[in-house]
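One chain, chain A, links the two complexes that follow: it is found with chain B in the first and with chain C in the second.
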Partner chain A sequence: MNELLLGLADDELIIGWRDSEWTGIAPMLEEDVAFSSIAQNEIGHARAVYELLSDDADALAFDREPSEYLCAPLVQLHLLDWGHTIARRWLYEVADEIRITALMDELPLAAKINREEAYHRMHAEMWRERLADTPQFRAAVDELWPYALGVLPPEQRDALASRVERAEVEAVERGTNDDAFTALHEEMTMVRRSAPAGAQW
Partner chain B sequence: MVTAEQVWAAFEEIPDPEIPVISLVDLGVIRSVDVSDGHVRVEFTPTFLGCPALEMMKRALEEKVRGLGAEPQVEVVNDDSWGTDKITAAGREKLRAAGFAPPAPRLVQLQSAVHKCPYCGSTQTKLENLFGPTPCRSLRYCESCRQPFEQFKTI
Partner chain C sequence: MIWEVFRQDRKGQPFEHGGSVEAPDAEFAEAWAREQYGRRGESVALWLVPRGAVHVVDEWADEFDLKYRRVDGYSIKARLKEARERAAAGPR
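Right after this comes the complex of A and B.
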C-alpha cells in the first residue's frame, strides 16, 4: 500500500476528528459551524483516499491498531485551546497545500480535494491575520512548528519553511502515536466496535 | 428496452436531498448515462467529498434505474472535471428563487462583487461565514435589503 497516501488519509481523518471536538463549544457560533464543516470535509477526504487504497474504507479507517496509523503527531495533539488550534489549522493547511498540489498531476482526486481545501485555507488565513500580533498565537506557532514539519516528507520541508517564513528545525516525525492518540482511537472506533453484526448505515 | 433519454427523464425527478428545489440533473452532478443490454451505467460526482447525502443520491439513482426495469451500475467519479459551473441555467434560477445565491463562476470565485443577493439582486453583500449548514454553502448578508442568505460555494 502507498504509505504516502495512507499517511495523508490518516492525517485528514484525525485532524477532522480533532477539529470536530470544537462542535458545540467553539468561542463563537460561527466557529462552531466552521469547525464542524471543516471536520466533515477532512473526513470526506480521508474516506475518498481510503477508497482508493482499499475496497473496505471503513475497515481501513477503524479496524487497525493505534500503532498502525501513520498520521503525523501534529494532527494527534489534543488542543482545547483556541490559539493552538488556529496555529495548527494554519500550519496544517499550508503544509497540506504543498503535498496536495504536488500530487495533482498523477492523482485526479487530489485536484478535487485541493479545490475544497481552498476554503479551509481562507478560513485559517483569516484567523492567522486576526491573531498574528498576539503573544499567545506566536508562542503556539513556535511550539507547533517542529510538528508541522513532520507532516511533509523531507524534500518538501523547505517549501513549508519559506511559506511560513521560518527556519527549518528538527521535525517531530510520523510513527510516534502516544496515549492521547490511543484515547482518541478508542473513542473514534467505539460505534463500529459496538455495532451489531450486519448493521447497515 | 430502456433508453438513455428515459433514464435522464427519470433522474430529473430526483431532488437534491439537502436542497430539494433542484434536481440532480439541474445540479449537473450526473456526468454520463450509458445504456447497453438492460444495464445502465451512471457516472456521478459529489459536490463535496464529505457530502453526507452521497449514499442517499447513489441509492436514489439506483432505484430509478431499477424502476425502469434495468440493472444499475453507479460509479462515483472523484475528480476536478466537475464543478459548480456545470449547474444548469434552470438550476441556477431555481436556487435563486428559493433564496440560495447560485455559485459564482470558477474564474471569479471570490470577488465579492459577484455575490448578488438572491432576494433583491444587490451586490452590496458581505461574507458572514465561509461555512454553513452543509459543506456546499456559505453564509452572506445583504446590506441593501438586510436579509441574510445562503451562498452556494464555487467548486
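Right after this comes the complex of A and C.
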C-alpha cells in the first residue's frame, strides 16, 4: 500500500513539475493560467499524500536520491510540444481516475483528490476533443501509450485500454528513471540543497 | 471569441462584471474562467456571456436640461453664490 501511494505521490509531484515548465510559454494566455494552476494542484495532491506517509513531506519530496523515486516514466518525459503535452495530460488523467477511484473506499483523501481531478479531466478532455483529428496528436498518443499503461498496476490496465479504446501493449514500467529525470531532480531540489543550515520555510 | 465574465462573491449577492476571457467555445471558456476567476475561492458562481450577446446601450439624449427629473435635482450651488453676491452688494 505504501509503495503504491508513494508512486502516486511521486507521479503527481513530477507531472506537476513537468507541466509547470509551460508557465509563461503556453499557446495562449488563458491556457497559461489554467495549465499552471492545474500543475500546482497536482503538486498539492503530492504534498497531501506525502503527509500521509511521513511527518516531513518536504524531505520525502526533495531529499531522496533520483533512483528512489517511484514515479512512472510517463510523467518524467521532458516534452517540448503542446500536442505531446496534452496527450500526456489526457492519458495521465484517465489512468489517474482509474487508480484514484479504486482507492476511494479505503482512503478518504482519495475522494478529496478525485473531486479536484474532475476539473483536470474536463480540461484534458476538451483539449483532446479539439486536437483528436490532428496527425500530431494521434502520433503523440501512439508514442505515449506504452508509457501510460505503466502508470497503472497490471490488473488495472485493461480498464485504461477500454477507456481510451486502444489495445494493450507492453508497458514502460516504473523503476526506469533516466538521465532526463536526474536533470529534473537536480533542478527541483536546487533551492532546498542550497538553503543555509537551519533555514525555516 | 471574447466571453464576458460575471462573478458572484457570495450566494444571494449580485453578479458583478469581473473581466473577460478569450476562448473558442463555452467549454474552454468555462475551464479558463474557473481558473482565472475562481481558483482561490473568490467566486461562488460565474456567468459567461459571449460579448456579441451583450446588447449595449450607451447613448442618451439630454437636450433640454431635464435635471429636475433626476433624484439629485438642481444644483443650487451656483444660484446660492449669485444670491450671496447680490446680498453683499447691498440693497438696490
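The rule we apply is simple: the second predicted complex is superposed on the first by the 200 of 201 C-alpha atoms of A that agree within 3 Å, B and C clash if a C-alpha of one lies under 4 Å from a C-alpha of the other, contacts with A are read in each partner's own complex, and residues count from 1 in each chain.
Rule of thumb we're sticking to: a contact is a pair of C-beta atoms (placed from the backbone, for glycine too) under 8 Å apart; a residue touches a chain by one contact, two chains touch by 3 or more.
Please read these numbers as outputs of a predicted model, since none were measured by experiment.
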Message: In the superposed model built on chain A, check whether chain B and chain C fit or clash.
response: clash
- request: Would you sort A:L109 into first (chain B), second (chain C), both or neither based on which partner it touches?
  value: first
Query: Can A:R89 be said to touch chain B (first), chain C (second), both, or neither?
result: neither
Message: Applying the document's definition of touching, compare chain B and chain C: which contacts more of chain A?
response: B
- request: Quick one: classify A:H123 as touching chain B (first), chain C (second), both or neither.
  value: both
Message: Is A:H185 touching anything from chain B or chain C once the two structures are fitted on A? First, second, both or neither.
response: neither
Message: Output check: A:R18 vs chain B and chain C. Expected answer is one of first, second, both, neither. What do you get?
response: neither
Query: Of the two partner chains, chain B (first) and chain C (second), which one does A:A34 touch, if any: first, second, both, or neither?
result: both
Query: Residue overlap on chain A between the chain B contact set and the chain C contact set?
result: 30, 33-34, 37-38, 119, 122-123
Statement: Interface with chain B, chain A side, in the complex: residues 30, 33-34, 36-38, 40-45, 47-48, 108-109, 111-116, 118-119, 122-123
Message: Residue numbers of chain B touching chain A in their complex, please.
response: 48-52, 78-81, 83, 109-110, 128-135, 139, 153, 155
- prompt: Tell me, which parts of chain C touch chain A in their complex?
  reply: 21-24, 27-28, 30-32, 34-36, 39
Query: Which part of chain A faces chain C closely enough to touch in the complex?
result: 28-31, 33-34, 37-38, 119, 122-123, 126, 130
